Amino acid sequence: MKQTNFFGLVLFFASLVIISLFVASGAIQAKEPVKIGAIIPITGTSEVEGQDMSRGLQIALDEINTAGGVLGRSLEVIVEDTETRPKSGLDAVHKLIDINKVPVILGGYFSSVSLPTGNYSNSQGVVQLTWSTSPALRKVGPFFFGICGTDELMAANTVKFAIEDARAKRFGIIVDNSAYGLGVLEFSKREIKKAGGEIVAEVKYEREKADYRPELQRVFAQKPEVVVGTLIGKDARTIFKQAYELGLKPQSGWYLSWISLATAPSIPETVEGVKGLIGRLKGKAANRFNEMYQEKYGAPPQTVWGHYIYDAVWLTALAINFANSPEPKAIKDALFKVAPVYRGVSGGGDKTFNADGMQKYEVYQRMVCKNGKLVIYQK
Amino acid sequence: MLVVEDVHKSFGAIKALDGVSLSVEQGTIAGLIGPNGSGKTTLFNIISGFYEKDAGNIRLNGKSIDGLDPFRIARMGLVRTFQVAKAPAKLTILENLLLAAKNQMGEKVLDNFLKPREIFRKEKENLNKALDIAEIIKLKRFKNEYAGNLSGGQKKLLSLGRVLMANPDIFLLDEPTAGVNPVLTLELVDVIVDIRKNLNKTFLIIEHDMNVIWHLCDLVNVLVAGSNLTKGRPEEIQKDERVLEAYLSGSKST
Amino acid sequence: MGVLYFFVYLMIMANVYGILSLSLNFQAGVGGMSNFGHVAFFCIGAYTSTLLVMLCHVHFLVGILGAFIASGLFAFLISIPTRRLKADYWAITTLGAGEIVRLFFLNESWISTGHYSGGPFGIRGIPRPWESIIPGNIYPFFYLFLTLLFLGLTYFILQRLINGPFGRVLKAIREDDDLPLSLGKNIHEFRVKTMVIGGAFAGIAGGLLVHYTTYVDPFFFMPMETFIVWAMIMVGGIGNNRGALIGTLIIQLLYYSTRFLKDYLPIEAQLLASLRMISIGILIVVVMLFLQEGLVKEKKRLY
Amino acid sequence: MLFQQIVINALIRASELGLLAIGLTVTYDILKFANFAHVEFACIGAFLAYTMNVTLGMNIILAGLVAILVVGVLSIFIDRLVFIRLRGASSIALMVTSLGLGIALRNGVRAIWGARIKGYAIGLQNPVELIGVRITPVQIFIILTSVISMVIIHLILKRTKLGKAMRATSANPALAQACGIHTERIVRWVWFMGASLAALGGIMIGLDTHLTPRMGFSVMIPVFAISILGGLGNPYGAMVGALILGLTENIGLYTDLGKILTLNGLIGNLTGLYIPTGYKLAISFIIMIVVLLWRPSGIMGKRER
């Protein structure tokens, strides 16, 4: 009796899956719109960032479809939640590729998600555009594109900026304890040593904590002249707020790589005068995006990730139209062609890819935060 | 066989045992009686290693068992039962009995895979023995019932069955017949007498049912308020007025 | 064909998590040890196998054996305090130990296989076993078979232990220390052995996962993974190996099927994702309320 | 950086987490299981206060009080709906149920309020300087509120009939019931107390930083560490545990181990040896494990056997 129970249950659930799979795959055959996939951390550790991603996606999609869509059809994005869990991210990508048969996948905000998913999409010949920031992404493969700078040369340039601007000798470094953060840490240290500077504090902070006062105290304990590094998202907001309340400020100021990652989510008063670098500035599209976002959702974006997914959707749409085909191979080739002429809203706006499919920078723009807005820095 | 010398134990300010001594000879049945709170169960817990004593000596077969873990004392041949009968609810009656068997090879992880045949044979042996014991304690028809579904008296029987299965040299039984029906109680008394006679085993029994004590014991120890009041043959104790007095005052105070 | 590949992927993951839930069931369901740091063994197994295969260039099977041993050793460490700690205290201690292991692999970035590897960079390019001799299009089927083999092995070994005298003692220990002690069972030794065996098998699961994803980093091993495995064994029926497997399938399917269901619901993705997680949470509660012993009750051993 | 500042920082952290941990430990004392959903009450409380404060324009203190009451009532409702059916179930079953409940509640908050970062309408706080310590008025308020609540809890436990009944129920539910204590009523009060303390803690965290649906979950592990550090079931232990956690996190990261090892330069010369900041979370666990090896029931836990 126990036996039948057990096998009955197994059979029941097995048949449930198979039926649902066939139903799902059958429904996809009727192809009206061009469908692409997106994996977004809607829930889990990165859900704050994920919300902006969902909204940025929607803004781009609305724009593209009112402008006539792609290939004369409308563009549709199947959004899957990664729960900020690598395994769920893999589940999502397998579903998108195996069942929905999408040619392009957007996303993988977190390198723990984008690397394994990238491995799979690349092996299946599906294009993936990610805004994850790990330097390890470069080696994934030809179908894998990065649209957020993973270029640690920027870290070296940030240190140069601090040296030239403030004649700094004593450095504090604070970075996000992530692949990108460690890259920044390594390159900053190398550059500081080359210039004969002294590193008085080196802090890696853990994500999603409510209290960064101990970390801040460590950074400022030996009174650094400048603090370099990178801060990201809602944690940047907490860090700047707590630094402001504790009255902790480097004598000659903050110099941050990818400054917009840190300043966009923060309270304006707390980031006044923070300096840093972004990629080559190209147009003023970022402000246009912010206005659209404000208009649609009644509040400004809290992180910059909406900007990145917006660019990813647009690049994909342009590439599909340029290639005149929804085939991954053609889209992959077309992406290299459309990126240099596209004016983006994320980073500095320049989205040109290098041969690895990563972002390519010839110039870094020095910026400073004034009244909550990033403006070009002039001494 | 078992010698307890001048054992002391206090819980905070309360002195539970204040210099208790007793000894049990090989092949005898000793009784331990006394009013509630006189320290009988505490003494059992100390002998079997569950409590640490404050002072005193305990020797088993001439060897000191001070500070040994309960399981080591059990392996040396002293197995006890509990006042409130314990019976793992999710094990069947038979499993409960099998649990008690000594030196089971199947309890060693690797042997399960290296010597499966021997283990199978040993299990079969134990199983037959367990079935016999289930018969003795009249629980055979419930053999595949979860022990959790038994009544209090049945659990008492089961604990007795487990000790029989464990087959130690000395049995420490804490109220073995509480809650067991009178007819069965008499049968159990016979079982104990048989075991003593045929296998020359030793018993130390706490019991409130005086009939059982008078029937079974060769020697009765009386504890009052944590110290020895007296000891002697059942018929002597029966006549001793101090014992009666202690019981009366004891029941008054509780 | 895509459907088939998806199904194969799903089953590979179910097998990996199946090994995890079997091993947790052995510790928690049969041995009664509320281990909330199970992901630590998963993590140690994954890293050990990765490093052995990539740095010492040993064969995949040796890597898995290494994972088995290393996680077993860690389980030995973590089980030492059980002698002193009460169950609830120990549960939270294991939760902490799991996080310490994750933080170790996150911060000690010298544990790596080269540049841009180790720590948060993760480790890329973990070789898949026998990849060179098996054509790519049937590789997933092969790996499914491989994981099934390990799942079967785990099931066989644990089932044998549970059904024998060893499991009997464990089930007694689960409820109460004193009785087995009074019968001469060294309960501490039994607990340590249980933790070590369960931990070692969880290590195998870790190795199997990363040799398929070809990538590992510390974020694979957040505390949430432990909670999911707990949900699996509770839903399926604690104390029963089949229950653990069925629970694994059900929780897995719940995670997957909600993805398909949502394609037909005209709700905004944001809200939908929340609703999906809410329904997973509620299902766990409902199962606990109405099927307190899970879908499959603990099996009674009949003689 | 002054030493006083470090102590104050630790105190702020301890006040926030302490409230949560006391709530957890009080419910544990009666219900005998570690409630994984406890921290979600903090989150719900903080968001309810947000709605009243920002959307409805209520004063923050009033909004906070209402939110605390609502969460307290909500917890009783959840108890009637879920946990009442599990009285006497194993603590593992209860823990897993609370785990599922926690997932549902956390995602429920996101479904209702969205994932965006939110803050109360109190503006950016400018710090004041007292005896060389920089502290914002809100942070003073947080410390005071938490001290006052702890005193109130102490008075409830020691001076009221409810407190006595609670202690009796905790020690022996059957006996308490036999002595005429309505244990189910005590259970309801305990839920109310525990959840509203959590809500208060959540609002404090929200005042100090910001609100997200994961604000509860992200402090869950430290809160558990605090409760068992102090001894599960003992509210005073939770206070001490919170203080220890706050101090070790702050001092631990700030202390130059090199100086300590060389006795401030007496033997050898070794400075700049700090605990890597990546291990901040691990510090509290290591302290916890060390304490438990020394005292298996926590610093102020009930000793057994």
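As written, the chains take the letters A, B, C and D, and residue 1 is the first residue of each chain.
Everything below uses one rule, namely that a residue touches a chain if its C-beta (ideal position, glycine included) is under 8 Å from a C-beta of that chain, and two chains touch if they have at least 3 such contacts.
Source: prediction; values computed, not measured.
Greatest centre-to-centre distance from chain D is found for B, with centres as Cα means. Central chain assignment: C. Criterion: smallest distance from chain C-alpha mean to the mean of all protein C-alpha atoms.
The distance from the centre of chain B to the centre of chain C, with each centre set as the mean of the Cα atoms, comes to 42 Å.
Chain geometry summary: the mean Cα position of chain C and that of chain D are 30 Å apart.
Distance between chain A and chain B, defined via averaged C-alpha coordinates, is recorded as 70 Å.
Chain A has residues 42-45, 51, 177, 204 in contact with two or more other chains.
For chain C, residues touching at least two other chains, in rising order: 106-107, 270, 274, 277. The touch graph of these protein chains has some other shape, matching none of line, ring, star or complete. A complete list of chain pairs in contact reads A-C, A-D, B-C, C-D.
Listed in rising order, the residues of chain D touching chain C in the complex are 28, 33-34, 36, 82, 85-86, 89, 91-93, 95-97, 99-108, 110-111, 114-115, 221, 224-225, 227-228, 232, 276, 278-279, 281-282, 285-286, 288-289, 292-293, 296-298, 304. Remark: chain A residues 2, 5-6, 9-10, 13, 16-18, 20-25, 27, 40, 42-45, 51, 54, 78-81, 83, 85-88, 90-92, 94-95, 97-99, 101, 110-112, 115-116, 119, 123, 134-136, 139, 177-179, 181-183, 204 touch chain C in the complex. On the side of chain C, the complex with chain D involves touching residues 28, 34, 81, 84-89, 91-93, 95-97, 99-100, 103-104, 106-107, 223, 227, 230-231, 234, 238, 270-271, 274-275, 277-278, 280-285, 288-289, 292. Chain D meets chain A in the complex at residues 1, 5-6, 9, 12-13, 16, 107, 110, 114-117, 124-125, 127, 134-136, 139, 205, 208-210, 212-215, 218-219, 249-250, 252-254, 274, 276-278, 280-281.
Residues 157, 160-161, 164-166, 168-169, 171-172, 174-176, 178-187, 190, 193, 197, 239, 298, 300-303 of chain C are the ones touching chain B in the complex.
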